[in-house]
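First, the structure itself, so that you have it in front of you.
Letters A, B, C and D mark the chains as written, and numbering starts fresh at 1 in each.
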Amino acid sequence: MSLRYLTAGETHGPQLTAIIEGLPSNLELDFEALNFQLHRRQKGHGRGRRMQIEQDTAQIVGGVRHGKTTGAPVALVVANNDWKHWTSVMNIEPISGNDETKRRVHRPRPGHADLNGGLKYNQTDLRNILERSSARETAARVAVGAVARQLLEKFGIRVAGRVVSIGGIAAPEPNMPIDELIARTEESPVRVTDAETEAKMIALIDQTKADGDSIGGVVECIVAGLPVGLGSHVQWDRKLDGRIAQAVVSINAFKGVEFGIGFEAANRPGSQVHDEILYSEEKGYHRASNRLGGFEGGMTNGMPIVVRGVMKPIPTLYKPLRSVDIDTKEPFTAQVERSDACAVPAASVVMESVVAWEVAKAFLEKFGGDSMEELQANYDNYLRQVAEY
Amino acid sequence: MSLRYLTAGETHGPQLTAIIEGLPSNLELDFEALNFQLHRRQKGHGRGRRMQIEQDTAQIVGGVRHGKTTGAPVALVVANNDWKHWTSVMNIEPISGNDETKRRVHRPRPGHADLNGGLKYNQTDLRNILERSSARETAARVAVGAVARQLLEKFGIRVAGRVVSIGGIAAPEPNMPIDELIARTEESPVRVTDAETEAKMIALIDQTKADGDSIGGVVECIVAGLPVGLGSHVQWDRKLDGRIAQAVVSINAFKGVEFGIGFEAANRPGSQVHDEILYSEEKGYHRASNRLGGFEGGMTNGMPIVVRGVMKPIPTLYKPLRSVDIDTKEPFTAQVERSDACAVPAASVVMESVVAWEVAKAFLEKFGGDSMEELQANYDNYLRQVAEY
Amino acid sequence: MSLRYLTAGETHGPQLTAIIEGLPSNLELDFEALNFQLHRRQKGHGRGRRMQIEQDTAQIVGGVRHGKTTGAPVALVVANNDWKHWTSVMNIEPISGNDETKRRVHRPRPGHADLNGGLKYNQTDLRNILERSSARETAARVAVGAVARQLLEKFGIRVAGRVVSIGGIAAPEPNMPIDELIARTEESPVRVTDAETEAKMIALIDQTKADGDSIGGVVECIVAGLPVGLGSHVQWDRKLDGRIAQAVVSINAFKGVEFGIGFEAANRPGSQVHDEILYSEEKGYHRASNRLGGFEGGMTNGMPIVVRGVMKPIPTLYKPLRSVDIDTKEPFTAQVERSDACAVPAASVVMESVVAWEVAKAFLEKFGGDSMEELQANYDNYLRQVAEY
Amino acid sequence: MSLRYLTAGETHGPQLTAIIEGLPSNLELDFEALNFQLHRRQKGHGRGRRMQIEQDTAQIVGGVRHGKTTGAPVALVVANNDWKHWTSVMNIEPISGNDETKRRVHRPRPGHADLNGGLKYNQTDLRNILERSSARETAARVAVGAVARQLLEKFGIRVAGRVVSIGGIAAPEPNMPIDELIARTEESPVRVTDAETEAKMIALIDQTKADGDSIGGVVECIVAGLPVGLGSHVQWDRKLDGRIAQAVVSINAFKGVEFGIGFEAANRPGSQVHDEILYSEEKGYHRASNRLGGFEGGMTNGMPIVVRGVMKPIPTLYKPLRSVDIDTKEPFTAQVERSDACAVPAASVVMESVVAWEVAKAFLEKFGGDSMEELQANYDNYLRQVAEY
């Protein structure tokens, strides 16, 4: 049975809750590092007011004692600091009052789950959909991913993220060691390493906001320091690239995912797509290039995982779109619920988190073990086996 | 418990085997239609000799009686017509003889699972990896998907596939009803609707073959006639677009997936990305556009699913790539194992199959029911509920 | 994808947490009824001091708005009212101090998970095991089961529990309608309907406590009002009796489970084991007896589910057992950690809860639907189909 | 992702098919030993004619090459030697003819899945149910379990089974080493070690057959040589005893399961139920008794697993039971379909098989690894850790 997690919670509810199940014991958790990931998710040029309210922190309410996991499920809570303003609207118990008191939503926003969710779950107050479909839920996933990331780091595996493009403005390939990439992107409000691109992106975001519009982009996640052989070719649902694809597309507003050169592979001949195999005493088997993004046959091949996801512009707009009121069936132009002009830098952090989770899960599936000590011994044993192959 | 399947079998083994579990009873199966899907997978300009040998047909060896499913698991066998030449090399029992008799592989091919699979599973005969990682396995998945497709068709849901581009040559948007698209692509050896594009693609494939190289492309799958509300926004792993993404990326040689306008969403402002909501008495809620490819919040929104996948060029090349012999650690240039210059048209069929599977699975999760009659009644009931919303 | 849940939390930690995923929307929750189930778990003759401290209540922190589920995951919290005394010992952050401050446990108790858990998870403070393996966790499962029970009740399905025997004292067969059984057992401190048995059980429990010993028993759960056809014969892991067996044996201290006449079936000829099939216009198909406990082929047959579980005596004893100190490897006689002489009446409530969960899960798998309205319509449709068969 | 399997096939269909997924590579399979398990399932005093026809053997059609697993899914086929007589009745394609030609069943047998299965799957030919619900399916599970057993044996883990009682005649506790138990039970047509009991059981079976009745019994499975720590206490569905309980109850005709002293635990004081912990330099931690059947907290504690299951008498009877014709709704007395008076000895073999599977699954979850070499190294590492604890 693999590592698994569930999240619960609404955007204006009292809290987000997550339970992680299947972690080894004796994983030392760095609480500050965990909250730093939540902080990273809130940063980025182009965010609206909500990000200032939030100042998210995760509280652990199970599974960790005296700084270490015990093997028991880890429960995480991210409280909603604005909850006091929502206790009535979001009350779990029935409230009296009219639509206004309840802040009932009957005007579905295009690009959100409002209408199809309302139809599926038979809700005439679309708030019952949007509260859960909100990207607020990604805070829980970042907390969960932060735990996975810490597990990976114990084995020298590093996870980085960067913005590849925003609104058509593309950053140049960074070409630097992963730790430098992590440090440099952290300093940029748009998570790029190139100053000129940064300036252009900021200007575009500001202009977009002024226009009452929104803008999306492409983000990239790199995972370095991986062993060969995570995932498997033997059955379709064991392929790790497939699982990562699911995780990435399941992020709110993501519409696609690609590995290595990705869609560009459609345009090149095979002789310019594959990564030749080299060998040296020091490095063992290695590659001269990484066009396949670290995967062959759904398994890691020892090269860094390189995966990109595309985020559509946030559908909540000052510049309104046509929609239909579910009460009257009359057309209207869609209202504004919130106001991030661009959430791409934050999306990069979310993507890192879900990728870290899938890699950690595959790691534990491959190496087994119930404590960090046992996991480490199994891991060392495999590295030895690979070195002697 | 959802619909599920497992496949087994090697490319040169006696047979591929698949078990499908969770189908309703009383689904009338059209065996000819099932084998037609296997036939479609073998067609397409650019395939090598193997496709002529195969002439795949699926034999059902469980779960169907007198033309209908019984609710029991359906077992499918696709026999290997060339098995007689492989009984010794692929013998399940030990054979005597040397590497040559065993056709042992010790020279890993870049772009295949040979090397990372060999390291992971501790195999010094890489045949033990490549026999399973071969794209031959997709024949089993096409058979499985053909059953799912027949289920969907009973509810008026149609699945089409087309080639979007090969080696950089892009087909124009077809803009036609889905049944016409199905008919027109079927007549084309490169699964496009435009004669000029077809000619160019064929020429490119021929040239590529002459060059001893290979070429990939982009394929698209469209699913029309869907109800609103398949998949769910409530938990990341219930989102149907995410699941489809996993299924598509898990196809051999696929490196990316996108929905609707996909990666292009990164370049447009939000006001040109989302699909405005309209309403009319006859059509109910509908959209003026389908840029999001039929998904909002991970749920179908009533518009056709439009999903594209990218297939890298087949890594087996006449034009060799550098690699390393695992016995001697000496470099060599990689050998040829087979010779499709372009398998993109076939990949389109495989992609249709895995998408049909995921949609059928989500359909059964939503509507429950153990017989086709019960499923139909539940479906009708939901359509009524949606119409009255 | 089925209904699922995860729990987290330690016996002396801040809280138990549970997330339920996959519920339909518009399920009206009765909070008082939910807490009544938690209250029932704390009752029963023979409980120690802890039960007075606890007074458990469940707080819902996600997935419910204005009294109804929304389809989103439901998060439940059962706070530990004694937490203030444990903030240091159970601190998630490192604390300074010695073994005493940390209340480190190095003396494993026979019959608990202390020693095997310590070895598996490589823990030298066995508190890291016992905090999670404690039966305290069943409070979370009762809360989860209480939600499932409320779902079932909307469809007229009733769940009862009774004590069959304690320490060898057996209650007579109650032979009464299920609602009377529910009412009568509720009034009894040992959950039996017979006054004489009740008196004998109480006396035995008191004597056992006086002796510094503990005592177990057998409990029974009855589920009435079920449709025919929950679970399935088609694959081993779809059989509902098997799933219930897993759920029951997974309750702390349970060592066995049986259905209908259970182990007695080994002693009778077949002619006295099976339930003859009758038919009448009013009742449809029915049975003259229920020796098989409501299951044939792993599916419900329309008769009530009757399942019994056996609970071993609580292993924490005043009358000590020999064990070995993990620090010194010296023998000692096992210490007392708590002091319930008999928890069988409470175990009956836990068993009802886990059985209710499995039945609700199978119910949703069979009938599908995302809202209570859709579920009801599907259910009605099936009942019609069965009636017309 | 854990070890998993699916089976398909009907009792009179062409074959049973099973796919096992998740095995490590380089497991050397002993084909004779595999078929010996199938042979064991067909033996035993009290079986009818069918067992002579069958002479089951398993053919491997995937996942094994030159005597060893490759990591790929293993596909197993058990052919039906009587298939030639059923090609029309069980044809997958529609056949013409009347009910008689089709051997349509419209008279449901009490104690079988005929009626509830027919209602659930909306079948008016109950053959569509009974063909799959037949105990014939256990042949596939024995083949699957035989592979698991071979895996366990590589690690010195031994699986034995014995008949505890038949029709109320109980065998004395064997009290002998597991290998002797395996050898001795193999020689007995009723799988007991005591000659006197054997004679009595045989006489009872013969008498029962003469009476036109059938008889059940209790069987026991012992798994010895286990490491401490398989399964886990941390979440209900990780408890290995719970999983074994599901597997056992899912065997056709099984109505209960118990571990160690099982239901007897309800009658003893706690001081006579738990297993005291001892320690010695040579043995490490061990126990003076094994009343808990090898489990504490859902985890193995190093003592042998002892699990018992109860099998009801086979419901097909010469001595008929009342039932109702589904066409006419008229009562009739149920027909005979086959004629085993007692299948308890065979059930013992099936139970060994499903228990071996669950133990192997838990073993692989704990130790990870993709090849037998890696698994062995991880296992050794853990044993070292336990020894040094």
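As a working rule, contacts are C-beta pairs under 8 Å (C-beta built on N, C-alpha and C of every residue); 3 or more make two chains touch, one makes a residue touch a chain.
Nothing here was measured: the structure is a model prediction, and the numbers come from that model.
Enquirer: If you tally contacting C-beta pairs, which comes out ahead, A-B or B-D? Let me know.
Expert: Counting C-beta pairs in contact, A-B comes out ahead.
Enquirer: So, what's the distance in Å between the C-alpha centres of subunit C and subunit B?
Expert: Their C-alpha centroids are separated by 44 Å.
Enquirer: Taking each chain's centre as the mean of its CA atoms, how far is subunit A from subunit B in angstrom?
Expert: 27
Enquirer: Subunit B to subunit D: how many Å between their CA centres?
Expert: The computed centroid separation for subunit B versus subunit D comes out at 37 Å.
Enquirer: Which positions in subunit D are in touch with at least two other chains?
Expert: Within subunit D, the residues that touch at least two other chains are 6-7, 21, 71-73, 117, 120, 122, 129, 132, 229, 232, 234-235, 237, 366, 370, 373-374, 385.
Enquirer: Can the chain contact pattern be summarised as a line, a ring, a star, a complete graph, or none of these (other)?
Expert: Here the contact pattern is complete, since every chain touches every other one.
Enquirer: Considering the complex alone, what residue numbers of subunit B touch subunit A?
Expert: Contact set of subunit B toward subunit A: 6-7, 108, 110-113, 115-120, 122, 129, 132-133, 141, 165-168, 208, 211, 213-218, 228-229, 232-237, 239, 241-252, 255-263, 265-271, 273-279, 285, 287-288, 292-293, 296-302, 310-315, 317, 319, 321-324, 326, 329, 331, 354, 366, 385-386, 389.
Enquirer: Can you name the residues of subunit A that touch subunit C in the complex?
Expert: 4-10, 13-19, 21, 24-26, 31, 60-67, 70-75, 90-95, 102, 117, 120-123, 127-129, 131-132, 370-371, 373-374
Enquirer: Could you please specify the touching residues of subunit A with respect to subunit D in the complex?
Expert: By the definition above, subunit A touches subunit D via 1-2, 21, 71-73, 229, 232, 234-235, 237-238, 364-370, 373-374, 377-378, 381-382, 385.
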